[in-house]
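Next come the structures, one after another.
Each of the two complexes below includes chain A, the first together with chain B, the second together with chain C.
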Partner chain A sequence: MKKWLSITLGIVTAIGGFLDAGTIATSGEAGAKFGLGLIWAILLATVMAILLVEMVGRFTAVSQKPYAAAIREELGFRFYLFPLISEIIAEGLLLTAELGGMAIALSLVTGLSWHILFPVAVVIVFLMAWRAPFDWIENGPAIFGMLMLAFLVGVFVMGGPSQETVQTLWKPVIKPGELADYFYLVAAILGATISPYLLYFYSSGTREEGWSGKSLLLNRITAFAGMGFGSLGSITIVIMSAIVLQPQNIQASTLGEIGLTLATPFGKIGSLIFACILFVTCLGAALECVLALSYNVAQGFGWPWGENKKPVEAAHFNLILVLFLVIALLINLIGIEPLQLALFASTIIALFLPLSLLPFLIIMNNRQYLGDKINKPWLNILVLLILLIAFVVSITAIPLELLSGGG
Partner chain B sequence: MNANNDDIFSIADIIDSQLESSDRQNVGRVADIEAEWREDGTLVLCHLVTGPQALSGRIARPLRSLAQRLLHDRFEYSIPLSDVEKFGPTLRLRRKARDYPVGRSERWIAEHILRWIPGSGY
Partner chain C sequence: MIQITGLSVVQTTTPQHHKPSRYTHLVVLLPLCALLLITTGCQFKQSAFALMAGNTGSSFAAAAMTLDYAHKGSVTATYARSAFQSYQSQLQNVDQQLSARAGAPDNRTIQELLKLYQPAMQAINHPCLEAACHWQAQITALNQASQAFLKAGE
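Entry: the complex of A and B
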C-alpha cells in the first residue's frame, strides 16, 4: 500500500511542468486571448511529458542510475556540460521566479509587498529542502495541490464554456496581428511543460523512493496519473480564463488578473483558494527546481546525494542547494518581475531542449543498463518525433518571443 | 587468446564511471586514465585519475595545463588499478571514502561550512 502512495511523486513532478508560476501565467493568457484554441498544445505536451517521464523512470528503476549520471557515463563529460550549464542558468532564473510566485501568493493574502515576502519564501524552501525527508517533499505539495481541482469545479459552477467558445477548441480565432502571439504561446506551452528539470527530479525521486525493476507498473501509472493531473489543472485554467476573462477583454498579463478566474465563481474564498494554489504549486516547483539542480550536479560529478540523508552525509549536494538559494536571493535583487523571469527561463530551456532530450535515444536502447527493458521501436520513433518538436521549439523560441513582444 | 569476454573493457566503459568506496559512498567519477608501455610491448592501464585538471583536459587539452598552473596538482588523485575491486558501470574500490579526495572534501565541507547551519546533523 505504502508503495502506491509514491504516486504523489508523479503529481509533484507534474506541478513543476504544468502548474508552476510560468505555466499558470501562460495558460491564463492562452485562455484569455484564444479561448480554447491552445488546448491541443497542452494535450500534445501532456503526451510528450508522459512518454519522457515513463522512460526516465523505467531507466532509473531498472539500472539504478539517475538520468544525469547516465548522460555523463554514456555521452562523456564534454557533452554533459551542455545540459548542465543550460540547466544551471535556466533553473537559477526559474527558481527565482518560483520563489517570487510564492511571495506574490503570500502578498495576495497579507497585503504586504511581495518584495518583502521574498526572503520568507526562500526560508520556507530552504527548511524543506534542508531537512524534510523526501516523502514530505512529494506529499506536501501533492496533497495541497489537489486545491487545483477548484478550477474544475469553477468550470461547472460557471455552467461551462459557451457554444461559441467551445468551437475555438478545433477552430481557434486568431485576430490579425496575433499570429505571432499564438505561436509564441504554443512554443511556451511545449517548452515550459517538457522542461528537463522535471526529468532530473523524477529520475532522482524514483531512487529516493527505492524503485527497482519490479516497480515498472507503478512507474507507468505514476507517469500517467501525475502528468494527467497536471494537464487537467492546466486545461481547466485555460477554460476558466476563456469563460471569465476573454469576454471582459482582460489579457491575463499578471497573476492577480488570473486570480479573477476563481474570484468570479467563488467570491472572496475564490481569491484565497487562488493564492493557496499559487503558493503550493510555486513551492512544489521551487523545491523541484533547486533539488533537480543539486541532484544534477552531484550525480554528474559522482558525489553522494539524497534528501533522506542528513545534510553532512551529502555535503557537496547540500552545499550546492544552499548556494542556489543564495543565488536566487541575489538575482531577485536585480528586481525583475517573476513572470518575466519565468518566461525568460523557459526560452533558455527551450533553446537547449534538444540537447537535454537527445540522450534518451541512446540510453533507452542500452542493454547494459536496461536488459530487455529497452525501448520498443515505436517508442524510439516517438522519441524522434519529440526531438523534432523540441528542435522546432528551440529554433523558433527566440524569434517568436521577439515578434510577440514576450507574450 | 582465450580471454573471458567479461574481463574486456573499452576505455569508454571506464572513463566517467562512478567510483564507489568500500563503505558504499560515492567518491567521484573517473576523469582520465593513465597507461604505460611495458617492455614486452603491451600497453597496460595502471591508474584511474580524478580531479579538476584531468577534467579540464577533457574539455580541451590547453585547459589542462592552464588548470595545472592554477592548481599545482593539489586536487589531482591517481587511483592504482589494484584498488579496484569490481568493474562495471560503477567501479567498487577497496578503501573507505575518507581515503579518497571526494570523501575528504565531503568532510571538509561538513566540518567547516555546514556545521554552522542549524539542523545539518553534524
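Entry: the complex of A and C
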C-alpha cells in the first residue's frame, strides 16, 4: 500500500515539472490568443513526457542507477559535460523564474511588490530543500497541487466553451502576422513541458523511494497518472483562458491576468485559489529544479547525494543546492519579469533538449543495465521521433522567439 | 531490434566509410526548410509597432477588467494592487518607444494614440481601488485606450 502511495512521486513530478510558471504562462497565453488551437501541442508534449518519464523510471528502478550517473558512465565524462552545462544554464534561469512565480503568488495575496518577496521565496525553498525529507517534498506540493482541479470545475461552471471556440480545436484562427507567435507557443509548450530536469528529478526520486525491478507497473501508472494530471491542468487553463480572456482581447501576458479566469466563476475565492495554485506549482517546480541541478552535478561527479541524508553526509550535494539559490537571487537582481524569464527559459530548454534526450537511445538499449527490460523496437522508433521533434524545436525556438517578440 | 550502443555508433560513423542516407538528408533539410520559412515569410510575423500596440491594448483591457472585478468584489484589493504593479511594468515607456517602432503609422495617428495613453496610464499608476474615487471613469479611459491600441495593432 505504501508503495502505491508513491504515485505522489508522479503527481509531484507533474506539478513541479509539468505544471510550473512556464506551463501556466504558455497555456494561459495559448488559450487567450488561439482559443483551443494549441491543445494538440499539449497532448503531443504529454505523450512525449509520459514515454520519457516511464523510460527513465524503468531504467533507474531496474539498474539502480540514476540517469545522470548512467550518462557519465556510458558516454564518458566529456560527453556528460554537454547536458550538464546546458542544464545549469537553462535550469538556472528556470529556477529564478519559478522563485519569481512564488513571489508573484505571495504578492497577489499581500499586495506587496514581488521584488521584495523574492528573497522570502528563496528562503522557503532553501528551508524545504535543506531540511525536509523527500516525503515532505513529494506530498506537500502533490496534495496542494490538487487545487489545480479548480480550473476543471471552472470550465463546467462557465458552461464550457462556446461552439465557435470549440471549432478552434481543429481549425485555429491565426490572424495575418500571428503565425510566428503560434509556432513560438508550440516550441514554448514543448520546452516548458519536456524539461530535462523533470527526468533527472524523477530518476533520482525513484532511487530516493527505493524502487526496484518489482516497481515497473507502479512506474508505468505513475508516469501516466502524473503526466496525465499535469496535462489536464494545462489543458483546462487553455480552455478557461479561451472562455474568459480571449473575448476581452486579453493576451495573458502577466500571471495576474490568468488568475482572472478563476475570479470570473468563483469571485474572490477563485483569485485566492489561483494565487495558491501559482505558489504551489512554482514551489514544486523550484524544489524540483534546484534538486535536479544538485542531483545532476553530484551524480555526475560521483559525490554522495540524497534528500534523506543529513546535509553533513552529502555536503557537496547540499552546497550546490545553496549555490544555485544564491545564483537565482543574483539573476533576479537584473529585474526581468518572472513570466518573461519563464518563457525565455522554456526557449533555452528547447534549444538544449536534444542533448539531454540523445542518451536515451543508447542507455535504454543496454542489456548490462536493463537485462530484458530494454526498449522494445517500437519504443526506439518513438524515441527517434521525439528526438526529431526536439531537434526541430531546438533550432527554431530562438528565431521564433525573436520574430514573435517573445510571445 | 534496434541495438544502439555508444561503441557501435562510434565504430560505424568514421569519416572514410560514412555515406549519408536519404533519411539523413531529410533530417537536415526539414528543419532548414522550417528555418527558411520562419525567416522569410512576410505574413509570418507582425511589425514591431503592431506587436507593441497589440500588447499595450491587451494590457489596458486586462487592467480595465481587474479594476471592474475589484469593485464588483471578484478579486481582493491586494490582488488588484499586485496585478496593477505588473501592468505598470508592462506599459512603462510605451509612449517613448511607439513612434520609433518599425511599421509605425503617421505622426497624427501616433499622437491620437498617445492622447488616450496618458489618462489610461494615470489609471494604471494610481488605480482607484476604493469606492470613493471615480473608478468608472478610469475603466472608461482604460477601455478607450485598449480599443484604440488594439485597432492600431491590427
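Just so we're on the same page, the second predicted complex is superposed on the first by the 406 of 407 C-alpha atoms of A that agree within 3 Å, B and C clash if a C-alpha of one lies under 4 Å from a C-alpha of the other, contacts with A are read in each partner's own complex, and residues count from 1 in each chain.
Here is the rule we go by: a contact is a pair of C-beta atoms (placed from the backbone, for glycine too) under 8 Å apart; a residue touches a chain by one contact, two chains touch by 3 or more.
The structure displayed is predicted, hence computed values, not measured ones.
Visitor: Applying the document's definition of touch, where does A:403 land relative to chain B and chain C: first, second, both, or neither?
Guide: Once the two structures are laid over each other on A, A:403 reaches chain C alone.
Visitor: Between chain B (first) and chain C (second), which, if any, makes contact with A:114: first, second, both or neither?
Guide: The answer is second: A:114 touches chain C but not chain B.
Visitor: Once the two complexes are aligned on chain A, which partner has more residues of chain A within touching range, chain B or chain C?
Guide: Higher number of touched chain A residues: C.
Visitor: Have a look at where A:322 lands relative to chain B and chain C in the superposition and call it first, second, both or neither.
Guide: Once the two structures are laid over each other on A, A:322 reaches chain B alone.
Visitor: Does the superposition put A:334 against chain B (first), chain C (second), both, or neither?
Guide: Touch status of A:334: no partner.
Visitor: Under the stated touch criterion, which partner chain does A:217 make contact with: chain B (first), chain C (second), both, or neither?
Guide: Neither: A:217 stays clear of chain B and chain C.
Visitor: Shared contact residues on chain A for chain B and chain C?
Guide: none
Visitor: If we count contacts the way the header does, which residues on chain A are in touch with chain B in the complex?
Guide: 63, 65, 69, 72-73, 76-78, 81, 130-131, 301-305, 310-316, 318-319, 322, 368-369
Visitor: Would you pull the chain C residues touching chain A in the complex into a rising list?
Guide: Listed in rising order, the residues are 1-6, 9, 27, 30-31, 34-35, 38-39, 41, 43-48, 50-51, 54-55, 57-59, 61-62, 65-66, 69, 73-79, 81-83, 85-87, 89-90, 146, 150, 154.
Visitor: Please give the residue numbers of chain B that touch chain A in the complex, ascending.
Guide: By the definition above, chain B touches chain A via 15-19, 25-29, 31, 55, 58-59, 89, 102, 105-107, 109-110, 113-115, 117, 119-122.
Visitor: Would you pull the chain A residues touching chain C in the complex into a rising list?
Guide: Per the touch definition, chain A meets chain C at residues 74-75, 104, 107-114, 175-181, 183, 248-251, 253-257, 259-260, 263-264, 267-268, 270-272, 275, 337, 361-362, 365-366, 375-377, 380-381, 388, 391-392, 395-396, 399-400, 403-405.
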